[in-house]
Every structure is written in C-alpha cells, then in structure tokens.
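One structure is given here, and the rest of the page talks about it.
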Amino acid sequence: MFPVLSSLIFLPLLGALAILFLPREREDLSRPCALITTGTVLAVSAALIFGFDRTAPGMQFAERSLWIPQLNVWYFLGVDGISIGLVFLTALLGFLACLASNEIRDRLKEYYVLYLLLMAGMLGTFLALDLVLFYVFWEVVLIPMYFLIGIWGGPRKEYAAIKFFLYTLAGSVVMLVGILIAYFTTKPHTFNMLELAAAASNGAFDPQLQMWLFLAFYLAFAIKIPVFPFHTWLPDAHVEAPTPISVLLAGVLLKMGGYGIFRICLPIFPQGSASFATAFAVLGVINIVYGAGVAMAQSDFKKMIAYSSVSHMGFVMLGFASMNSIGFNGALLEMFNHGIITGAMFLLVGVLYKRAHTREMDKFGGLSAQTPLYAFFLTICSLASLGLPGLSGFVGEFLSLMGAYQGFPVITALSLFGLIVTAGYFLFMIQRVLLGPLNPDCRYYKDVSPLETLTLAPLVIIFVVVGFWPALVLDLQKPTLGMLLSLLGVTS
Amino acid sequence: MVNVAHLIPLFPFLAFLINIAFGGKLKNACGPVSVAASAISFVLALFVYQGFRSGGGSYSLGTWLSLGDTPLNFGVMVDGLSIMMLLVVTFIGTLIQIYSIGYMQGDPRFSRYFAYISLFMASMLGLVIADNFVMLYIFWEGVGLCSYLLISFWFEKPAAARAGLKAFVTTRIGDTGLFLGILLLFFTTKTLSFHDLQQISEGHGTVLAIVAVLVFIGAAGKSAQFPLHVWLPDAMEGPTPVSALIHAATMVAAGVYLVARTYPLFLVDPFALQTVAVIGGISALLAASIATVNNDIKRVLAYSTVSQLGLMMLGLGVGGYAAGTFHLMTHAFFKALLFLCAGSVIHAVHTQDIWKMGGLFSKMRVTATTFLIGTLAIAGVPPLAGFWSKDEILSAAYQNGHTVLFGVAVLTSFLTAFYMSRLIFVVLFGKPRSNLHPHESPATMTVPLMILAVFAALVGFVGSPLAHHAFQGFVGGGESSAASQANGGMMILSTVISLAGIGLAYLIYILNVNVLPAGMLSRLNGLHQLLLNKYYIDEIYDAFLVQPFLGLCRISYKIDLGVVDDLVNGVARFVAALSEFLRPMQTGLVQNYLLVQIVGLIILILTLGKLCFRY
Amino acid sequence: MIPLSYIVALSAFLFCVGVFGVLTRRNAIGILMSVELILNAANINLVAFNRYSNGTDALGQVFSLFVIAIAAAGSVVGLVLIIAIYRNGKSIFVDKYDLMKW
Amino acid sequence: MAELVFFVIAAAICFFAVLVVTSHDIFHSSVWLAMTLLSVAGLYFYLDAPFLGVIQVLVYVGGIITLFVFAIKLTAHIGDKSIVQTNRQTIFAGLCCLILFALLMNMLQHSCHGPFPHSEPISLKQLGQSLVSVYVLPFEFISLLLLAAMVGAIAIGRDKK
C-alpha cells in the first residue's frame, strides 16, 4: 500500500530540499516550488479524507517500522477521527498561508525552506503515534517557527520569537520527563501511544502517578493551547509574526495542544484527566471571559484577534472538561472551526496591514464603502467568530457549552458572559474599522485582490458549509470519540 | 399542502443569494426580486393555512445534529400560532418591500438593502416554523444579525453604527438567557422540541419555571422589554421601512411569539407568568410615558412599540394567551402602517423633528389619511383593530384578578391615545412650522399604505365577538375562553379611555389650552425633563455598567501585561539576573581562567589524590 | 646517583614557577617564557625517568627532543602572534584583551 | 661530589627560574630565562644526556632566546619599568602555586620510592638509531610541524598593509 501518511510528512521535506538547492540567483523559483509542494500536500490530505472510513473508530492508514530497536522506538504513523480533521486543516492552512506569503520579499529561499519544514513538523505531530516521534515533531515545529518570527517578524520580533521558543520549550521539556516516566513504568517499555493506552486501561499507572504524568503532559499542552495563565506568549508571537505565520500559529499550532490532550492525556491517563476536569472547566471559563475582556480593551487589531484566540480556546477546554460525547465533539469541532475562522481573521488583518502599515483600529473607519468585498469578508468572519448560528463557530461553542453544562452548570453559565463580550468586541471592531465616515487616510485603499480572495474564500466557504451541515465534520470524529469515551469509562 | 411550509423561508433566502451575488448587475431589479420572493412565500403560507384547515400538521425533514442520544431535527412547526405569524410576516413583509422600492430609490446600496431584507424574511420565517429550541435559536440570532445589518445600513452615520452595535449586544444579553434556558431545559427533560412542552410541563416542578424565566429574558431582549429596551429607540437610525418591518411588526414581536410558543412552560408556575406580566407592565407604562414628550417622529413610534409589546407581554402574563397573540397580530398591521406613514412623511420633509412639521394634511392626503387611521387603530377607537385586541387584554387582566396590572394597562391605553394623537395633531394639523416643501410620495409607497390601512382598520374583526372570536379559536389556548365572552362594560371603558386621551391631546395641541394651572406646570418641569431624558436609563447603564465594564477590561489588560506576563518575564529576568551575577566570572582574561583551572587541579588532587595515594 | 625524587621535586618546582609566571605575567612574552619553563620542567622529568628506567630504550630522550622541537615551533608561532596582536592593539598586555567573554 | 654538582645545578635552575617570573624588566627576564635554560642543559649533561644538553643550548639559548629578544625589541617601550608587569591575582596565584607544589611534594613522598636499577646511559648512537627507526614517523611529523609553524609564522607575521 502506498504510504500516504509518510508522503504527507516527506513531501514538504522534499520541497524544502529542492528549494535549498536552488541557485541563489533563481531565488524567485522558491515560491512556486513551495506552492506546488503545499498544493500537493493539500491534495493528498483531501484524498485522505475521501479514503477515510467514517465508521471505523481505530487507526487507519497506519505505517509502522522499527526506528531505534534498542529503545523500542517505532516510526509509527496513523490517522483516526481525532487527527483527520486537523491534518486537513494543517494542509489547507499551509497551502493558503503559502499563497498569502507573497508579502515576503527578502530571503525568499530561507523563508520557504523553513516554512516547509514547519509544515512537515506540524503534520508529523498530528500523525505520529510513537511518543518519541511525536516529541521529535513537536520540537521540529519550534525551530522553523522561531526563525520565521525572528527574521520576518515585526518590530519586536526577537523578543517575541525568543519568548515563544523558550516558553514552549519549557513546557515540552517537562513533557519529555513525562514521556520517559511513562516509558519506564510500562513493561515491556514502550513509547507506542496505543500500547500505552491499553496498558493504562490494564492499570499500568496507579492513580497518583497518573496525576503527575497528566500534569507533566498537560503543562506542555496548556502552554501551546494556551491556557490562562500560560497565554502571554501568544499575543506577542501573533502580533510580531508575519501574516502567514500568524495564520499557522493560530490555526495549527494552538491545535497541537488540544490535540495532545485528546491523543495522550485523555486515553493514557484517564483517571488523571478525570480528576482535573473541574480545573479544566475553571481554566476554560477564565480563558473565555478573561480573554474576551482583554480583547475588548485592545486597540491593535491583531492583538485583539490574538486575545480572541485565547477566549475561543477556552471553549475547547470547557469541552474537555465535560467528559462526555457532546462536549468532546464540541471541543474537537471548535478546534477545527477556530483554525478556519481565526486563520481567515489573521489573513484579513494582513490584508489591511499591507495597505495601511498599521494595525491601530482607530486609524481606519468607513472601509465598508471603500472596500466592500473586504467588508464582506471581515463581517462574515467576525460573525463566525462571535458564534453566530448558521456559521460553524456556533456549532462548536454550542456543543462545548452543552456538554459542559451537564457537569458544571454554574461555570457554563458564567462562560456565556464571554459570548456577550465576544459579540461586543467584534462588533466594536467592525464599527471602528468598517463603519462610520470614511477615514481620509483610507481613501486610496484597494479592495481585496484576486489572490487574497483566493486565500479567504475557501475558508469562508468551509465555515459556512460546516455551519449549515456540521455533520460533515462531526461524522468523521464521532466513532473515534465514542471509543475514547468508552476508554474513559463514560457510557453514552 | 402543509408540507410546503419549509419552502416558505427558502424563497426569500434565494432572493438574498441572488441579490447579494448579482446585486451589481440587477440594479433596480433587486427590489422586485425580493418582493416576488416574499409574495411567493405569502402564497405558500396561504396554502399552508388551507392545508392546516383540512387537517395538516407539523412534520420533520430529518436530523441536523445529534446531542448525545437526542436528535435535533429540521422540524417544521405548523399550528395556528405559526400560521398566523407566517401570514402576518409574509403579508406585511411583502407590502413593506414594495414600499421600500419607492423609499430606497436612488440609494447607492439599493441591492444590498434588499438582500438584507430578504435574509431577514428568511430568518424570521424560519424562526416561526422552527419546531425546537435550537432551530429557533439559530434563526433568532439570524434575525438579530439582519437587524444589526439594517440598523447600521447607513453606516456612514456614526450614530447608526453605534445603534447597530447596541442593538446586537443588548439583544445578545437576552439571548444568553435564552441559551441558558435551552441548556437547562435539555438537561432537565432531554428534549428541546416544542411538541413535547405540554407533556413535560408536568412532573418537573419549579425547574421549568426557571427555564421559563430564562426564556423570557431572551424574549425581553428581542422584544425590547425593560430593562433591555434601550436598543429599540436607537435602532430608529435604520431606514424607516426597516423600522416598520423589523422593529415594529415582526422581529420585535418574536419575543412575544416565543413566550406564546413556550406558553406551557410559563403555565407551570405562576411566578413565571407573574414575571412576564410585571415586566410587560413596567415596559408598557415606562415607554408610553416617554413617548408623550419625545419629539422625534420615529422615536415616538419606537417607544410606542416598546409600550405595545409590553402590553402584549402583560396580556400573556395575566393568562390571556389569545389576547396577547391577538394584539401581536393587530399591532403588526397598525404599527407597520404608522411607521410607513412616518417614513412617507420623512421622505417628504427630510426631518424627523415633529416640531418642524405641521399642516401636512393638505399636502399629503393619502399619507395623512392612512396615518390617521393607524393612529385611531392604535389608540383603540372602535371598531378599528386596536380596539378589539386591547380590549381583550384589559378583560384578561381584569377577569384574572390582576388589579394593579389592569390599572397599568388602562393607564397605558390612555397614554397611548394621548401621545399618538399628539403626534398627528402636531405633524398633520396646524400651520407649517418651518419652511418645508412636502409632497406626496410615489405610488409604490402610497399603495401599500392604503392596503395596510384597510387591514389596520378591519383585521380586528377576526378576533371580535362579531366573528365569534374566530382568531382565538384558531391560535388555540382554551384558557382564554373566559376572556372571550363579550364584555360590554370593558368595551365602553376602553372606548372612554381612548377618547379621553385623544381629547386631552386635542385640547393641548390644537386648541392650545393650558390644561393645568401654571404653578403645576412648572412643578411638572422636573418630570418633563426626566421623561425627555428617558428616565436617564441610557446614562445609568453607561455609567454603571458599560463604563465600569470597559474599565475592567482595560484593567485586566493591564493585569495581563503587568502581572501575568510580568510573572513570565520575571522568571526570565530572574535567570538573567542570575547570569548577571555569574557573568563576571567570564572575565575574558585567560589568566583568570587558568587560575581557576589550577584551583580545580588542586581540588582534584585533594579529592582524587586521597583515593589514589591513600594519604 | 642522587635519588630520582630529588630531580622530580626540582621539576615540580620548575613547573610551579612556570605556572606562577603564566598566571601572573601581564606581558604576553613573559607568559611565553613561563611556558618555556613548564616545558623544561617536563623535559627534565622525561630525561630523568629515562635515565633511571631499566632498559635501553631512548624513548625519554627522543621525546625530550620532540618537546624541544615543538616548544620551538610553539614559541615561534606564539611570538609572531604576539607581534601581530601588538600591531593591531598597540599592546601586548594580556589583560587589555578581554574580548573573549559573553 | 656528584650530589653537590646536582644541588648546584638545581639551585641555579630554581634561582634563575624565579627571577624569570619575578623580574620587572622583561628584557632581564629573557636573560634569566637564558640562564635557566643553560642550567637545565647542565642538568642534562649531569643526567648523561649530553646530546640533549647540546641541543638545549643550541635550540633554546641560540634560537628561542634570540627570538624572544627580537620580539621584546619589536614590541618596543614596554620594557618600561614604570609599568606593572604582574597582574592583580599575583598573591592568590602564588598561594595556589605553593599549595600545588606542596601537594606535588606530598604525592612524591608517597609514591617515588624504592631502589632504581642502575643502568647504562643511552649512547648517542642508540639515540640516533631509534630516531630514524622506531620513532621515524613522529620524527617526520615533527619536521612537518616545524615546517607548518614556519609557514604559519610567516603568514601571520607579514604586515598586510
């Protein structure tokens, strides 16, 4: 059988290698090269979805070969309902953000090489089923991201890049300790996530140990998600990163944390997860309300979107806390949605920044008349982001809240307050940017270009379609989540 | 023929798609597209009505989403209440869209306007036929969105942009209540379908009363009930036909519709009904009193809408299910008429200040006549529509023993008659107060006015004793049978109240009689100021809710930067400080390093040497 | 013959004096001189052990020769470096050159 | 008698070596260094390694010291006595060296015991033969090293201006 999943990881690597060998004077070829590569990755991942069996709960397209025999480390890849959506999301955003990279003008070769390396790392993280492999990819993501922010970023890029790198690294070091403990606790020693989960259900980890291991992994994931109070790298990194990288940061990197919780914390440490459910819920509501409140206070467009990410990821946390089918479905769907919607939001900020070279919302005004298509995109994305029914953001939030309400009615009620505030700051943003009399400075802004439309339209179409027909995504993830829940000992 | 009900929202939605996609090419054809779509919907609604009469009912189109084990269906609710709403919305909607073609002529975003209106129609009709809470909530937010888009339609005006934001956020506060109610209901009863409400209302006790109150919060937000009423007057920044359609006839009535739809929940506990009635009463009186002094033609009507919606809520709250829904229907007609008339006037004189108008009657005969009919209808002069429905509410309040609320309703009726008469006396009669050149509006505007005027005058008969309360029987609600008995005394009372209100206005504004002694007048000055400033509710909200909240946001941002982020950076700074302390060890002087090396060598010899040489 | 330990002690002393010179001399040439002292200390040891060992192998002396050769090469390169540094920085005091830090 | 010779040589080495590292004038230091190296050459003679002694005199005193003197003269006016020739860590370094010496002595006391076999001194012929037979490879490498050092010295020392 054709190794589809390996091809997903190695295609970007091959592309990177090809660009690396481009002569310096033909640097301009690196963009088409990267576009072809990411386009192929997108096509492969789309084919993956079509070939995916929506009824099977287990791993599909699995590839397994021994990597380091002495340590029982395997090169083990596979997709299931949890990862398939995120793999597609990564491929899609990877391609669209690559399209949107035309604003990058200098050091093209390095940029695209790093970009493709980042792609490989992200896809690998979602596909790896061996903890060592997972850790390798997890770290591989960091390095290109560090350079992409640090070289092509905004005025405070060095600060943001270092902060991002160190912060995430600090988390993953703790995770590494967790991985090793998990490895040495099981007999025979294994890094295989599925075997670990099976061992866990046979009582390989006693509850006390589970709690510690859970915390070790959770810290790494919480920083990535990011959960209050570990969120402060995010506004800096998002604001300083160039537009395409912000898209990937918000769209994919944040999902790696949530994915890790689904893939590792919940199945391998079910009791540990269960004992922290309340903490999850509390942190979730803090994320939602606090993130929304801080977003309300922003005058910088991009920073506002960054804090809105914090707020939205709170719903994911709330979904985790629910420990039931509705909540899990909601959390996973919300991750997908957030990737699509916030990705589009960052693209929109980039469109505006390209024209105005500022992100202060008060410097705009009345763009609705000047750039109607832009206004349309911004409005519909804001509406999706604030959870308007009929667009996909609503379904994810609705399911998360519904799931969480069962166990935590008061916390859920509190988090509803975040919905109001979210509506407030998004509409306030629209009021400042799109409405009102046309700001004279914006007189010469051109409307969204065809290329920009090409990057935005697929995302809008996806969140509208998923909003109308959420079963498209939910059906993919349902069997796997059902199995996960039975592993957690939750019936129904 | 009932099974075409789900197509009713579809046609306006198609019109929306056509207008948004091809608006630039269609230009002036956009209006007719939307009108045609809602006309088709109206015809379909008639078919559904026919089918319902011959025994059709609700049906389902399949599952949309499953919540654990509970499937959420694309269900279509077909009963008296929803058919009544379908007919009213499509009929009035069609007329208002015809009117809009004239009113919006020449606007640069003509096609956008009709696209939004069509989207609104689709959402509103979807809301009406939704058979479960989630579907209803989806369309509920949909109409809210359209309301937002249309209020800030003329977004160049900062006031319009602000009003849109205010409307959306205020109603969203209410929606949050509704959302919570939905969650609570789901986890208490495991169902969200409206069909099951009657059945589940037994056996769950007071939890359902809480659900009912939460649902009512949602309804209060949408229907602009106190304390969430503040957005509606500001919403008048939108185009006038929008005010007529969304903010008078249909969307704001959705709150009342929701309460009526979930009435079994409210019947569980008297407390829930009490809440509805009291809030309704407060809103009715509060808004009516503000309307008596306001000088903006549209805002008077907006406060009147709040007041009338309050009256409907009051009617529902005192147990008059049929009375409330009946008033909902009649109000839709005459308030739409009034707004359209106001629109026609504004179209002619380009101002909204009533004290700049005057003597318009002779210049705009059609508009003025229909305006007059609408006013008489809302004032409750027999035998116009408002008389019958208001009478029902008064009877219901009286007969169910709510004396105070009855008093409130009577006072509101009086004030309604007074401020509406004041409005037309000032606007239509007397001498022109400023240099305006009014002219009659085009036929696309006057024809809908005339049609609506006929209905505003006559639609009340369907629920009158003369028609044996056919309407009440149609929408159901057997508990209203007590109210449905003809009550001669109540009719006379309500007529007297209306005439008294009109008479008082006539005395003051036509004859310029000083009704009150001068001393009293000056003492009332304070009250006048209070009313003119809308009880300072906006200011109170701003000072005690909005600004403190925004301040809190800013503080939390400061905390985020100063505390949360600083803790992180503090760790970094601690490490840096530590390195600052250790860094001088790296002097860069080779000899220092060598010296350290020698010291190390000595230590090595001292420790290892002990092992090797045993000394 | 005097005991071997005497010679080794002498070599140790020479070594320590050399180390002291390396540690304390500011002048780079002085440091180089001290290095020569250290090398000589080593050489003394090599020759002495060779003399006192039981065999006919000339290893010790051969290595002393090598050390002398290397020391010569070392001081040549070292001195040239010092001159080059002097040309750039107008000083051969090593505490003037503390660029190799953080 | 033989002991006396040794002690004289040893005393000379120690005395001159200390002067090398303590002298304030770098030029004086070089002179003392020459004296030290000569004394070491004497020690070689004493240890029956006359060839080595000759080489020591030729290479060191004849070659390296000359180089030092040249270097000192090229980096002029640093021999000025007003400039402090020792750095600030002198006392501590001295202390360390003393301790080190004490430790070495201590170790010596505990290790180098026993009678040593009295063997014949290595003859010059033996030395020469082993240089070109057993140790020919290192020997060649050393010559290569010297060549490299020479080339390197020229390359570095050339004034690029």
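As written, the chains take the letters A, B, C and D, and residue 1 is the first residue of each chain.
To be clear about the criterion, contacts are C-beta pairs under 8 Å (C-beta built on N, C-alpha and C of every residue); 3 or more make two chains touch, one makes a residue touch a chain.
All figures in this text were calculated on a predicted structure; none of them were measured in a lab.
Using the contact threshold fixed earlier, the set of chains in contact with both subunit B and subunit C is D. Farthest chain from subunit A, judged by C-alpha centroids: D. With centres taken as mean Cα positions, subunit D sits 68 Å from subunit A.
If you average the CA atoms of subunit B and of subunit D, the two centres end up 101 Å from each other. Spacing of subunit A relative to subunit B, judged by their CA centroids, is 37 angstrom.
Centre-to-centre separation of subunit C and subunit D, using mean CA positions: 6 Å.
Multi-chain contact residues of subunit C, defined as those touching 2 or more other chains: 19, 23-24, 95. Of all residues in subunit B, those that touch two or more other chains are 589, 591, 595, 598. Touching of two or more other chains is recorded for no residue of subunit A.
Taken pairwise by the contact criterion, the protein chains fit none of the simple patterns, being neither a path, a ring, a star nor fully connected. This structure has the following touching chain pairs: A-B, B-C, B-D, C-D.
Here subunit D touches subunit C in the complex through residues 2-3, 6, 10, 13-14, 17-18, 20-21, 26, 29-30, 33, 36-37, 40, 43-44, 47-49, 51-52, 55-56, 59-60, 63-64, 67-68, 70-72, 74-75, 78, 83-87, 89-90, 93-94, 96-98, 100-101, 104-105, 108-109, 112, 116-122, 126-127, 130-131, 135, 138-139, 142, 145-146, 148-150, 152-153, 156-157, 159, going by the rule given at the top.
Taken in their complex, subunit B has these residues touching subunit D: 589, 591-592, 595, 598-599, 601-602, 605-606, 609, 613-615. Contact residues of subunit A toward subunit B in the complex are 163, 166-167, 228-229, 231-233, 290, 293-294, 296-298, 324-326, 366, 368-369, 383, 388-390, 394-395, 398-399, 401-402, 405-406, 409, 412-413, 416-417, 419-421, 423-424, 427-428, 430-431, 434-438, 470-471, 474, 492.
Per the touch definition, subunit B reaches subunit A in the complex via residues 64-65, 67-69, 134, 137-142, 145, 148, 152, 155-158, 160-162, 164-165, 168-169, 172-173, 176, 179-180, 183-184, 186-187, 550, 552-554, 556-557, 560, 564-565, 567-568, 572.
Per the touch definition, subunit D reaches subunit B in the complex via residues 87, 89, 92-93, 96-97, 99-100, 103, 106-107, 110-111.
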